[in-house]
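Provided herewith is a single structure, encoded as structure tokens, for subsequent inquiry.
A, B and C label the chains in the order they appear, each numbered from 1.
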Amino acid sequence: MDKVKEYPKGENPFKLFADHLAAVGTGLKYLVKPTRITLKYPEEAMTLPTGYRGMIRLYKDVCIGCTLCAMVCPADAMKMATEEGKKLPMINYGRCVFCGFCVDICPVDALKETGVHDAAFSNRRELVFDPDKFDKDYDELPSGEILIRKVKTRIDEKKGVIHEPDQ
Amino acid sequence: MTSGLEGMLSGTGMEVEVVPVEGELNVGPQHPGSGHMRILVKLNGDIIEDVDLDVGYVHRSVEKLSENRNYIHLIPLVERPAILDSIHMNLGYVMAVEKILGVDVPPRAQYLRSFAAEVNRIASHLYGMGILAVFMGHSTGFMWGFGDREVWVEILQALTGARVTNSYIIPGGVRRDLSPAIKEMTEKGITYMRRKLEDWQKIFINNPNIKARMQGVGVMKREDAIRWGAVGPNLRASGVYYDVRKMEPYAAYDKLDFEVPVYKEGDAYARTLVRIEEIEQSMKMLEQILKEIPEGNILSDRFFRQIPPVRLKKWWEGQRRIVMPGYYASFRPPKGEAVSRVEAGRGELLYYVVSDGSSKPYRLRMITPSYRLIYVFKELAKGCRYADLVTVYGSLDYFPPEADR
Amino acid sequence: MWLSSIAYYFFYPSFFIPVIFPGLIFILIALLFTIWAERKFAAKVQMRFGPFYASKRLGGFLQLVADMIKFAFSEIIVPREVNKTLFILGPILITGFSLVPISVIPISSIPQTGSILSPYYGVFHDTYSSLSLFSAVLTPYSLALAIALTSVVSVLVILTAWVTNNRFAMISGIREGYLSVSYDALITISIIGIALEFHSLDISKIVTAGIPGIIANPLAAIVFLIGMLMGSSRFPFDITEADSELVTGPYTEYSGLLFVMTMAGSYILNFAYSLIFADVFLGGWTPLTGFPGALLTVVKAMIVLLLSVFMRSVYGRYRIDQALRGSWKYVFPAALASVILGLVVGPWIR
């Protein structure tokens, strides 16, 4: 049984004034030396740690068509399609919750998690991946005009979360 | 307004709808200070006479949906109501299913469950304090609450693979294991948080402005707290020593040494102080877990034997990740029912699972802590001034999607 | 030849001060700068960047210009059951009346020769203090007139709240009514303390007395500062526009250009108060004269403005009854004490 505590009450006006000054002083301290944790997306893109549950990639030749992934999917996002007598999974990214159960349960490791979390599609039909599209890799960055720097996050004792460049 | 004046004004285009001194305000869903629900406030001048909470705006019928899905499908579903506290929602459900299945959990998995639960508790309390700060106009508290929460969410991301929607705990154990990188991240995060909490004290907790807004507001006496059914830090701030982690220890809590802060006053300031001290106690628990965690398996032997050795070698010895055997895809627990209680970030969370032998549960009932706080909120708001409505709301840490499920 | 006559009419103080500097055009740019500084200060304390992307080299200043343009082109929605004339007039009156006090505050003195303002030496000569003042309207009672004009704005805010015909605006108008009584009393009494100490109601005499008001009467400075924070709705007295309780307060139903005017009105009022503060308490334009003196006064006023805008990142918001109780219980006796202090110190300042 721990003892019941009470917080100090009472309004000494001098202590009130000192508390006001302490609050303003803390604000001024951060005004002079700010620590910012914003990620300047999209000029800086984050490399996610290994094991991040992003979009999934299928390896078509390894899959044996056991349908365990479709059975375990919580959101009914994986369905099996029959191609030349062999069953292969199709995925609907509009429903996928990125839980990673299908990757964990596949007995032959035909599904792999990539680190992509921010793919964009222009209409809903593109969200449904048939097995051929599912077989492609999403790890490449678009080559374009904006130079994208890859950063990785690190926890620092003084500043919290900082983003430092990744080679 | 006298009728003579109204008679003069009518016909000149200057009529206005006069709100009598007693009126009703609709602090509705489209309001910066209401969250996802409608609060109908009956005002008398500046004093609130009655509050009518219109809950159900974000009802997603989790309990009905759980009658049509397998046990493993329900893990992402039941964590969604209070997604920022997802480890606890996950843990309660899995503990109930394990009681029906009769599975024992290895000790390393128990410690890992406590680890993830305490990290999530810190993140949830920081979120609650951020919302409380912004309701009182203190935008720095809001940004700091969410910025400091980033540290803990990154730790959870390294551990489980996702920031908020963790789905980390499965019947029999957990999915992934600690690594030295996570240990280092946690230690640095604890140092950072301790240093930042001193700044929190100066700019938010000891700020005379905030103290004046919160002291003496929404006082809940000890007998009222027990009678109305309050839970969590709100109960402990009213002088009642009750914490499920001490009363019915689950996971590794009976082996950890921690204190439960209890305050006497029962007003909004006491509730905030209880939360700040719980963050400190959680950090102490994390340090203990990192030192004392035993070696071993993270999934119960009954399921671990079913993983083929080839996969085991690649995943378990290579990356310390568990892969699920095919059993999980649709398992049929024996007939039975189970109740499990967990101390979530906002209070006590209760699950009641009834199984009739098929692969889908017959009934899942979850009583979330915010659901129990609906009546408390209604009673505490009576007699307050109008500006105290949002203070009471924020200090109770009431989260509408959790109450509506 | 004609260039010098255009210059004569251009720099005529009654035109130059209210319209160009520090009147309308300067205030609009200073307003953008102040709002940018408020957002940047708050962002530095709050671990983020603030306005950043719109013009990276300028630190995001052009973001504010983009916001102004967006608001100016937004649709102005007038609700159906309001009095349309008053609804549209409300914000216009708020902004207009906030600009009026600037024309009675002298911001510099005109030397007899050698300055660009010297042609007006004779026109704006103030026999009471035997100086020529760079002020739009020359009056020996400039202090009392400035304070009186700044207190009109609160009545117009209540008018705006009334005409909006919305329950949240009504509550906020009531709060503004309560608050305006308190802060007007505080400001008036601290000014009376200063006036008794320096033996005149003329700002120019106070400035040229040789000792700035903040050293002569620090209590009055603190009371005036708190009153200024209350009057222009800066945190921690953001009570009329309490964001999380009353959705934007009296300006809930406004959109587009009218909304910009209401927001601008409170900052302009703050600027007017800080001009008075800079003149009376911080020494005004001494030791410079002429046009550089005017610049110095305005720089001091901008520093006071930025200080009062910085409070957003440190404080929350008081409840209405706490603000009233605090001001009548703690600050009002301090104001009376400042009057006594002024009477005591007065004979030494001659």
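Please note the rule applied: contacts are C-beta pairs under 8 Å (C-beta built on N, C-alpha and C of every residue); 3 or more make two chains touch, one makes a residue touch a chain.
This one's a predicted model, so the numbers in the text were calculated from it and none came from an experiment.
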Result of counting contacting C-beta pairs for A-B and B-C, higher pair: A-B
Chain with minimal offset from the mean of all protein Cα atoms: B
Distance between the centres, which are taken as Cα means, of chain C and chain A, whole angstrom: 48
Distance from chain C to chain B - Cα centre to Cα centre, in angstrom: 46
Inter-centroid spacing, chain B versus chain A (mean Cα positions, whole Å): 21
Multi-chain contact sites of chain C, meaning residues that touch two or more partners: 45, 47-48, 313-315
Multi-chain contact sites of chain A, meaning residues that touch two or more partners: 23, 26-27, 30, 37, 160
Touching two or more other chains - residues of chain B: 140, 147, 203, 207, 209
Residues of chain B that touch chain C when the two form their complex: 13-14, 16-17, 19, 23, 25, 31-33, 46, 133-141, 143-144, 147, 203, 207, 209-210, 212-213, 385-390
Chain B partner contacts - residues on chain C that touch it in the complex: 42, 45-48, 81-83, 162-163, 165, 167-168, 170-171, 235-236, 238, 242-245, 247, 312-322
Residue numbers on chain A that touch chain B, as the complex places them: 1-7, 9, 16, 19-20, 22-23, 25-27, 30, 37, 48-53, 66, 68, 71-75, 97-101, 104-105, 107, 109, 113, 153, 155-161
Footprint of chain A on chain B - complex, ascending: 69, 72-77, 140, 147-148, 150-151, 154-155, 157-158, 161-162, 165, 167, 175-176, 185, 188-189, 191-192, 195-196, 199, 202-203, 206-209, 215, 239, 241, 259-265, 269-270, 273, 308, 311, 314, 319, 321-326, 328-330
Interfacial residue positions of chain C with respect to chain A in the complex: 41, 43-45, 47-49, 310-311, 313-315, 330
